[in-house]
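Note that chain A is present in both complexes that follow, paired respectively with chain B and with chain C.
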Partner chain A sequence: MADEDETKEYRWESGYEKTWEAIKEDDDGLLESNVAELVARAKRKRAALKASGAIQLGMMRHLFVIVDSSECMFLQDLKPTRFLCVLKLLEVFVHEFFDLNPISQLGILTTKLKRSDKITVLAGNQKKHIEALQHLKDLSCEGEPSLQNSLERAMNGLKNMPAHSSREILVLFGSLTTCDPGDIQKTIKSLKDNNIRVSIIGLAAEVRICREIAKKTGGTYNVLIDDHHLKELILSQVQPPAVAGSIEASLVKMGFPGGTPTLNDGTSDSSADHAPAYCLCHIDSETSSLMGPNGYNCPQCGSRYCELPVECKQCGLTLVSAPHLARSYHHLFPIKPFVERAQVPDATHCFACAKLFVEAETNVYECENCNQIVCLDCDLFIRETLHTCPGCASDPVTAQMKTN
Partner chain B sequence: MKLNVDGLLVYFPYDYIYPEQFSYMLELKRALDAKGHCLLEMPSGTGKTTTLLSLIVAYMKAHPLDLTKLVYCSRTVPEIEKVMEELRKLMTYYEKELGMEQNILGLALSSRKNLCIHPSVSKEREGKVVDGRCYSLTASFVRARHAADDAVPICEFYEGFDAHGKEFPLPPGVYNLDDLKEYGQMKRWCPYFLARHTITHANIVVYSYHYLLDPKIAEVVSKEISKTSVVVFDEAHNIDNVCIDSMSVKITKRLLDKCSNSITILETTISNMKENDSKRLEKEYKRLVEGLRDATIARETDMALVNPVLPSEVLEEAVPGTIRTAEHFVAFLKRVVEYIKTRLRVQQVVQESPAGFLRDIHTKVCIDRKPLRFTAERLASLIRTLEISDLTDFSPLVTVSHFATLVSTYTKGFTIIIEPFEDRAPTVSNPILYFSCLDSSIAIKPVFNRFQTVVITSGTLSPLDMYPKILDFHPVIMTSFTMTLARPCILPMIVSKGNDQVAMSSRYETREDTAVIRNYGNLLVEVAAAVPDGIVCFFTSYLYLETIVSSWYDQGIIDQLQRHKLLFIETQDAAETSLALINYIKACDNGRGAVLLSVARGKVSEGIDFDHHLGRAVLMFGIPYVYTQSRILRARLEYLRDQFQIRENDFLTFDAMRHAAQCLGRCMRGKTDYGIMVLADKRFSRADKRSKLPKWIQEHLKDTLCNLSTEECVQICKRWLRQMAQPFSREDQLGISLLTLEQLQSEDMQKKIQLRAQGV
Partner chain C sequence: MEDKEERIETSLVAIVIDATPAKKFASQPLDGSSMMNRIFDSMIAFGNAHLMQASHNKLAIVACNSKSTKFLYPSMDGTSRSYHNRPGQYDMFAKVDSDVRHGLGELILNDLTNNDSTKSDSLLGGAMARALCYIHRVQRELSLSHQLKPRILVVSGSCDSALQYMTFMNVFFTAQKENVVIDCCMMDTDSGLLQQGCDITGGQYLHIPSIAGLLEYLLWVFLPSPSCRSKIVLPPPAKVDYRAACFCHHKLVDIGWVCSVCLSIFCKFSIMCTTCNTEFKLNRPAIVPAKSKKRARIE
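Our next item is the complex of A and B:
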């Protein structure tokens, strides 16, 4: 249980717990099996939550993150302060977000002094956002926040986005009050009309208006318990949500910039593509330098970028690499949750890690497709990281079927 | 679902049941079996009403001869409507399950004001005016006059009811006020009289307390309810005050002036009548000689509820000769009124017993006790004879006549207090005569004596043993139920000191202390910063509220508070308060958050629910003791001590704590709700106060939550609020605080319920 203790706040901060009451003896008067079961159950529960049926997912996401930077964000119930803690977690979030949703865009707003400020516009470059977040740390938190102002602002940015994309707002709300210029119900209504989903993470307590906004727009509303819970909540927003209602499916034009010059095997890349050029992402900053032959050129206009995915500044084409697309693929075809097996024949191995199952092993899972058996740890690993079943992948028949 | 409650088949209209509802049914069934009275406390929001209704209806169906009628008394019209809704749900369930119409008639009764469908009368806003105008259209002499002369207006709906309605009983079903009106419109019958007529044969009657407790109204409305009925008083934590109010009279100088006017009108009418129609007066005289025999007959057959205003001796005797003729009676009335007027001309407070008053009135104006006793009856008879159709102007005179009858009838349990001025404005002369009832058992005694089972129930009845004492009855069952909860959804805390360790208390000696006031202010500001949406604060009195708010203003606390939430204040003006309430709700709804400062015992503390986000926290600043300098209260305390051996302090604490509990209960309206309850006074942590809180609050008030400082309190709040904000679904409750039929029948749960029943 040592690793569990780490995930909590300091002992002197947490409440008084009767840990001994959670532990019960089994029939033989032993405790161990019980403890193991408790741990396993907690792990499995989290994984099960994520596994949902395949629905149409909004793969191309446009997300505005609204960060409350009102007075109450200086409170120290999250260490070192709420604001710094949230910014730090947001950096992680931005990184993960683009990792898992390479063809999506993100923007950041803050709200304080009853107003709303734009920090970054909707863009697909994670570096820029992370930089902006780092700059935010020096800003002061003051005044009251305004939910309505910031939602309106985010809505203005989102409503012109293409209809096939998923429009989302994520609010990190520390305050228990909002100071609005008008009727927030109207804002909620137009958010709904524009198909914008608002998810809110509260940092202090349940505020009714937040719950209402989230409920009416189809988002989620959660309140944290401690900073680890907050991290979990923020990261749960990384998964693309199921599409609410019917969004028309449409084709999106994308560019796949060519590979490195060493592999120049007579494809369309001309030698000019690999001439040194300025990287367009950094062309505004003073430290910009001439790039070598490395980099990615837009197949439409030839501008050079140091990193993918990115939206071409010149022609507006979305530039991705094939692995990026493949990464978001698993959202569309999540592997089926494995079935828990009550009993296993003696001397069976875990298919993934080759661990030998001892007699009393209870947490054993079976893939419904290939009937291979894995242990709990592998099950979690497959579900959270791998996203493919090793059994199915190694079986040439099923693997073939999947790609077809 | 169908339940088996101790051998009785109960149809319960929901799929799930709370364990405490089942225990409640068990206890109630026991009381019904024993044909005795009972006292049951169960927290609000646990479905008391539907539990009561489903058990009693099932009992009526199973034992149709032992239990014929349910009389459900509630406090306000919205509460009556809620009861009717629950009853309708129950009856629909019965019909669905049994597949046929149920032969049960339930109806609600309210005043004419709420039931009138006469096109012009129903437009009136004031209840008294509606009553008066109705009387002027439906009194027997008016109708007789109409028969002679078509120009005299009558009410067509009453005529319709009178002609046909009495023969055709209302078909079985559930009728709330609107249904009655609709039915009346359809048949062109007066719904009010229809409802009153139907009371005698309806199975379930829902109406306000006053129809049973106020002797003046009970006489008219409830006297024919059969003995084998069960009477339920819901929200009955204030029942003793209702009893006392219904027997007390307050006479001011203005009222007496109006009386003089009415007497002049009487005089002129009498002289007119003498010239035109002296026969009628003679007839009345003869009737009076024969005495009030009709009333006696009714009483002997045990049909009528004994009316405490009209003691039985009065009925047996003839009306005394001195007031038999109309002129003599008017002169008599005049003397009484003049006498009271002279009594009001006092410089200092006078307190005397009814006996002393009678002796004084005898020596000063030669009025005996006996004629005084008949005043109320005699006046009613005179008004009938004189065919005065507009009764509205006579209400002051009727009040005085009631006073005269009461003062000469009861020598015990009452006191007369004459105050030359109000305590708040000692310079303004405003003499008032209080004829105050000290014994709450007088009004309710006939109810207890007559009906086989009387159920007194509320969310806050603790301490239970006080009620049998002050109401003077012997309950067979006396139980307090707690709430079974899947999560700790109330957080009661006793905050006794500020961050500077200065004790917080509303004690008289320290209440003006700026340190105490500042600490109260800081507590509110910090709680307001930590708690979302709505916060309701209760102060001990309007006066205290005003002084505190003004010093908070000077100390800058109001400014700090307004950074977090908007501020609303309850005042004594009802219109102003309801406006404040509307805006309070608005502020809570749109996320700005609001604080409502109100007063324990005020309008807000009694009738208004702050469920969910409207009341995330309740703060009680100080212990809401009643104003102890009041002479009426002192007289009552003395009486309680002498008659019932209740110590003054016990009663005061009891009264204060039940009001505190009422205030705290405002924020909890059901199991999915959650709320913080802060008791900000050092004295709450003493055992005698703490133990008087209802059990369902005490259970959560652990020792670690007593005697906190402001900062500790806020820390606990924050952590608790985060826990409460975590998703909570019905599945989490199932099996613990919410049961399906199978779960209820499981042995485990039955054992638990048994245990709980024994524990109390």
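Our next item is the complex of A and C:
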């Protein structure tokens, strides 16, 4: 065998990859801590890649979810059936999506019998979507899916959205075929022209047209391995994506209802603000009830709503509360990844949780700004959930937010 | 039907004390001991009262001032200090008492260096973040037979710090996600940010009219756990002001302009966003050419 073959051997020629050697038992013969460490390391690597902070993120998102309800979704390779498994995960997705992107809107479509059906319109109300998903469980899956029809329908819904929002489609596709009335290349072209990004999650195997759609529109295409992987893939769509192409930035007018009666800046509090009134969100339904003084009044036209965020039906103003916008602020000020170091004799306790550092913990993590040392678990917690370094917040110099 | 395996409920209270010395508190005597002393005594009594409720209950105390934050209990000192307990006193009460007094002493002494430091804001955000990390650690370390019910009690007399807005909001959203209830006991001034936090997490906000009765208010309002608060008559919730402050003047606005890229709020329409430096397109309505009337008549 020539020497050059050594570098590029075929699998059957090379030696075995001894993957089991990566996992070692610790002193007590347990594998748990080791596996947990490996998972933690993988998480840190991913988080470090994300935290560059220079990417522009699409905060206001309009997302259509297209669920394949064709015959093949009754297969039981995901328990109990593919369709029910997907619906369950979508409920979790809807909850997390509105948690992280409170001013975004979501719509749900299904495709079966070579057509596509609209389940919910683009709306920002979480409960409606979750209710609709629960009713969908009774739907029978039959016929063939139509990728083009569903994409065209979603595109019609997204075309009229304002230019500053990020337009996205997420397709959960379980079939290996599609039945389209026309040329899907034209659809792909118009998707691209309208700046719509399509991401597809395949439930069966890789389909070439899906790969092409995702590539041309700037989305992602993944095929799942098992149900845990599916959950991960769906939840990865919750994070705001980097801006694809050019999105026009504009100033959006928004209202912030909910002022207190005693104000110093001259705005008046008429008794009409707190009088009982019918709320406009339930006025169409038969069970609408008289609202007490606990609603929110639109600052522009005075109509009453039970909950925020909502788009005022009368004057078209988007009503949000300050915490809804603040939820997305942590993307704009990401914290730099902590530096991994060997244990320092000075720091006996983790700064964040006051845990004593034991000999077994080899690595501690240090923040570059404030030089405080934290343990591995606090590092993950800070990075994934808290988004604030306790050390920087406890230092009078770095605690103040940088404003112009 | 009761579950056969009922998990033991462990209640963890993390008290965050704002020890920023406002001059009027430090010098005002009340019944022989100064106001500050009385406040700290009430804290320790409250902490011990919580530990007394059930044997599994846990306590943590974090203090802050404008210079730094510090874990008072459990103490981060490596050396175990000897403490004398009065005969018949539960050991843990004496430990809490001794650790808190010692820790507070160190914290206040650290601040004596520069008088100008009283002008900068109290580091409440940092203290709450550390309390949350501690709660997260206890949650991980607790065995499966216990269920943790954590809450944070903030005792403070300082006004809002607009520059620490981000830290506060991150803490509130994390607390909401981790099911931690944030209660707040304000002396002297009102704090809009902490009101929002209590509303977001479902906690109780109270502005105390008289500081001499601090212990009474703590034991009445904040000692019961959130699950039994619905059965007790508590002070009515304050109406929270959820309006946002504009980034340019820090004034509260009813209707504002929001940059679609970075979500910063402005009170007036402008051409460029000061936070992310993007230029905005002015939306002019399309000018429709007037159709000539003659053509319309012929058609």
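Everything that follows uses one rule, which is that the second predicted complex is superposed on the first by the 333 of 404 C-alpha atoms of A that agree within 3 Å, B and C clash if a C-alpha of one lies under 4 Å from a C-alpha of the other, contacts with A are read in each partner's own complex, and residues count from 1 in each chain.
Keep this in mind: a contact is a pair of C-beta atoms (placed from the backbone, for glycine too) under 8 Å apart; a residue touches a chain by one contact, two chains touch by 3 or more.
Quick caveat, the model's predicted, so the values are computed rather than measured.
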| item | value |
| --- | --- |
| Superposed partners chain B and chain C on chain A - clash or fit | fit |
| Which of chain B and chain C A:S146 touches, first, second, both or neither | neither |
| Partner chain(s) touched by A:L224 [first = chain B, second = chain C, both, neither] | first |
| First, second, both or neither for A:M60, with chain B first and chain C second | second |
| Contacts of A:Q372 with chain B and chain C, given as first, second, both or neither | neither |
| Touching partner for A:T388 - first (chain B), second (chain C), both, neither | second |
| Superposition-derived comparison: chain B or chain C, residues of chain A touched | C |
| Which superposed partner A:Q185 touches (first chain B, second chain C, both, neither) | first |
| Partner chain in contact with A:V252 - chain B first, chain C second, else both or neither | second |
| Distance of closest approach, chain C and chain B, by C-alpha atoms in Å | 31 |
| Set intersection of chain A contacts, chain C complex versus chain B complex | none |
| Contact set on chain A toward chain B in their complex | 15-16, 72, 77, 144, 147, 176-180, 183-185, 202, 204-210, 222-225 |
| Residue numbers on chain C that touch chain A, as the complex places them | 64, 66-69, 71, 74, 76, 78, 117, 120-121, 123, 125-127, 129-130, 132-134, 136-137, 140, 163-167, 169-174, 177-178, 196, 200, 239-245, 247, 251-263, 265-266, 269-270, 273-276, 278-281, 283 |
| Residues on chain A engaged by chain C in the complex (per definition of touch) | 56, 59-60, 164-165, 247-261, 265, 267, 299-300, 317, 321-323, 325-330, 332-333, 348-349, 351-355, 374, 377-378, 381-382, 385-388, 390-396, 399-401, 403-404 |
| Chain A partner contacts - residues on chain B that touch it in the complex | 529-533, 563-565, 588-593, 612-613, 616, 704, 718-719, 721-727 |
